[in-house]
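Letters are used for the chains, namely A, B, C and D, taken in the order the chains are written, and counting of residues starts over at 1 for each.
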């Protein structure tokens, strides 16, 4: 009964205070859109990094004196590492051919002998292609007998590790501030829309409305504003996402939970914001 | 005369509508702080990238048969490239020593002969350490006679180039949206603070105030709000910057013009926002 | 039913009311007169507890100003109909909704609300303007909406703060007749007024305020001698 | 000086005023009477051009409703003092500043403002409350602030919309005397009122509105026969 009355009053309230409602809804919409853009940026950055890490290979050079049997043994030993998904054997001959391709020179012709060792190319499992695992695996590989040298794309991994920490810190700080700031801005807007109607609250009190009763419509109005703003921000974000995919970067990823999250966040902010704001006008 | 009256009225207006003023100023403050955080993030990202690029080296392997004279000639030829700041000669012996350090094996002992060529290590000038220059310089070096092979950190440069475009696109889009959204939010706040006093504008009109006269105090109030919000955001940003430097990342850079820019942006937004908003209540 | 015990209201600057001892009985009709600024509105605000005495005690129905809890005040106000000097209409809804609001507040059913609002609108003669917004009404019409809102709740007492200040003599007489009819139905009425013509027309107990004190209480029989 | 030529004001729903032809001369004192909702406030709004006729023409000073430009309206209003039925005080500043505002608008010097505000505050008897905020004033006091604000500009005509509606008889008489004094100083006065006692006390030309039309114009000599 009452819920319906509040809901109806909330809807009617939006119509009555049209300017305030429009302003509050646009505030919600743009604020949530901003959060949405950030979320999309974050998941894309994450995806990109993971994709890169998936391509990381470790190369282990083998002692020259190993018999085929020993090599086989070693390969099985490495294969058993939980972090490792594939181990590819590269013989000395294959290594020489590759060297020739890269350096364009027939080493064997110059040196009479193949100076290159045989090696394993090791690809890490999906869950483990992250710098800390790469280094751990590399260290453990180094301790195996028969392995002469462990090489991996140290430079890129170090580069990423060095700036990843910074990037995550800065990103995290920005995300926190973004949320705080958006919350402050949206709450301010709600507060002002209610402030513009403070005399109405005053009159409601004078004709005997309980505080609960006064709050009701304002809170439902806030929730509705958040909901509508959230739905609009979903549209907006979808359009932005589509446009960016079309014109700038076709691989831009998107997760559906972001849409749901924005609407939920809108409702939550509307609820809390209007609840706190209207309370200031009740003793 | 009038300017002073408006300014005084603007200040008095802030006091009279204290709640509105506080809300508007906090909105300005947090919005500008957000923009400040973004600017700091942007300049740091830029700095980091440049710092990384400054460390890019190009290595050119020389034909084995060159005489010291020819090498000298070549070095001078390369030195003359406008993009290049330093050229370091690495002789075959030095290269061999370095190889031994990295691979731990005495190549010469095994091979009887040093298979490694002499090389130039080339460092690009400050303005040119960017991927497009690196590739161009490398291509031009390749065409010089006496040079066998040009090597550079292709992987990292390609990695950066691939994701830099994406990063700059996303960053740019976010920056534009951020500015639009912040502007919308701040304008909404100003609009509502004026909306809450619409009856005062109505009364001003009725006692014969010209539109100019009505606007004056509101615009000065808006400018003051922007100014105060800007100054507060500078403090806030300074504190955040200091805290991040202290606890997270000591090398975080900061430019003073960001502080000035925030205050200027606050004043500008306050001016335009209040001008547009108050105009809606005048025919 | 309403009792003031040696009530005083003071602000930092000055005394608004002092030594007010007054009793309004069930179903009584009381005029409150006095110069502008004498304290009539202040006295009425004490009754609907929009203001609390700084000294003494006001008892309304079973509530006392010294012990009433914040969450009891709305329930007190539902039993006290108030007509405000400055109307205090909700500017965001039309006449019908303004009046209906006082019933929605106490959780009345829609059908019941409709019949009661229409009946009270007919009483004050504004049925034809029920869908107007307050800003489109003349001063007198706003006043009548305020009276209708105060009546619709069937309060045990109606406080009217100069309800005829904005009305022409005919309309004033109409309002007075309305209030008397309500009073005859058992509702007490306490009306602050400057319009002595009305008091002459319908003499009732009259309380004269001066500078925040009760100067005189005049019984209906003695009234003709005063004016 | 003020002329209405066959003026009508219509809204979508109904006619608020029609066939109004009226002339108010320099220095005249005119009462506007009529039932509540008759159109008195609407007629006054036409004079200070808060409303425009849908038919006919209103001429005030050298401005005509059919040709006045938006940016001329403020200058017209500076010559027309208006006392509003609902006061329309600026709630964000005190009594002194409310009155001073009407002078700041026209760019008066601070010293001049001070002396004129204080003089007009003394005229309406509110000097001691000059630093009060409007919400702390009684209805009658607010009314007097409104009158003071209307007077401070030394207008050529003063429009008063029921200025005594919230005042006790003594105070009403005081206001009327004030208006008459102003009128004797050469300022025209047009006062909408329900208070026939005042008209009897100070008879002047009286215009009776009914249902948006001028029912009768009564000259001062004929007034006693009417009431």
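FYI, contacts are C-beta pairs under 8 Å (C-beta built on N, C-alpha and C of every residue); 3 or more make two chains touch, one makes a residue touch a chain.
Note that the coordinates shown come from a computational prediction; the quantities given were computed from them, not determined experimentally.
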By label order, what chains touch chain A and chain D together?
B, C
Minimum number of chain-to-chain touching steps separating chain C from chain D
1
Chain whose mean Cα position lies farthest from chain D
A
Need the CA-centroid distance for the pair chain B / chain C, whole Å please.
67
Dist(centroid_CA(chain B), centroid_CA(chain D)) in Å evaluates to 63
So, in whole Å, the Cα centroid of chain A is separated from that of chain B by 22
Give me the residue numbers in chain D that touch at least two other chains, ranges are fine.
none
With chains as vertices and touches as edges, which is it: line, ring, star, complete or other?
ring
Chain-to-chain touches, reported pairwise for every pair that qualifies:
A-B, A-C, B-D, C-D
Going by the contact rule at the top, pick out the chain C residues touching chain D in the complex.
33-37, 40-41, 85-86, 138-141, 161-162, 165-172, 194, 196-197
Could you pull out which chain B residues touch chain D in their complex?
1-2, 5, 12-13, 16-17, 197, 199-200, 202-211, 213, 283
Mind pulling up the chain A residues that touch chain B in the complex?
19-20, 23-24, 26-27, 30-31, 33-34, 37-38, 41, 44, 48, 52, 103-104, 107, 110-111, 113, 115, 149, 153, 155-156, 159, 163, 166, 169-170, 173-174, 177-178, 180-181, 184-186, 188-189, 191-193, 195-196, 240, 244, 248-249
Note: in the complex, chain C contacts chain A through residues 48, 50, 70-71, 73-78, 82, 84, 88-93, 101-102, 104-107, 149, 153
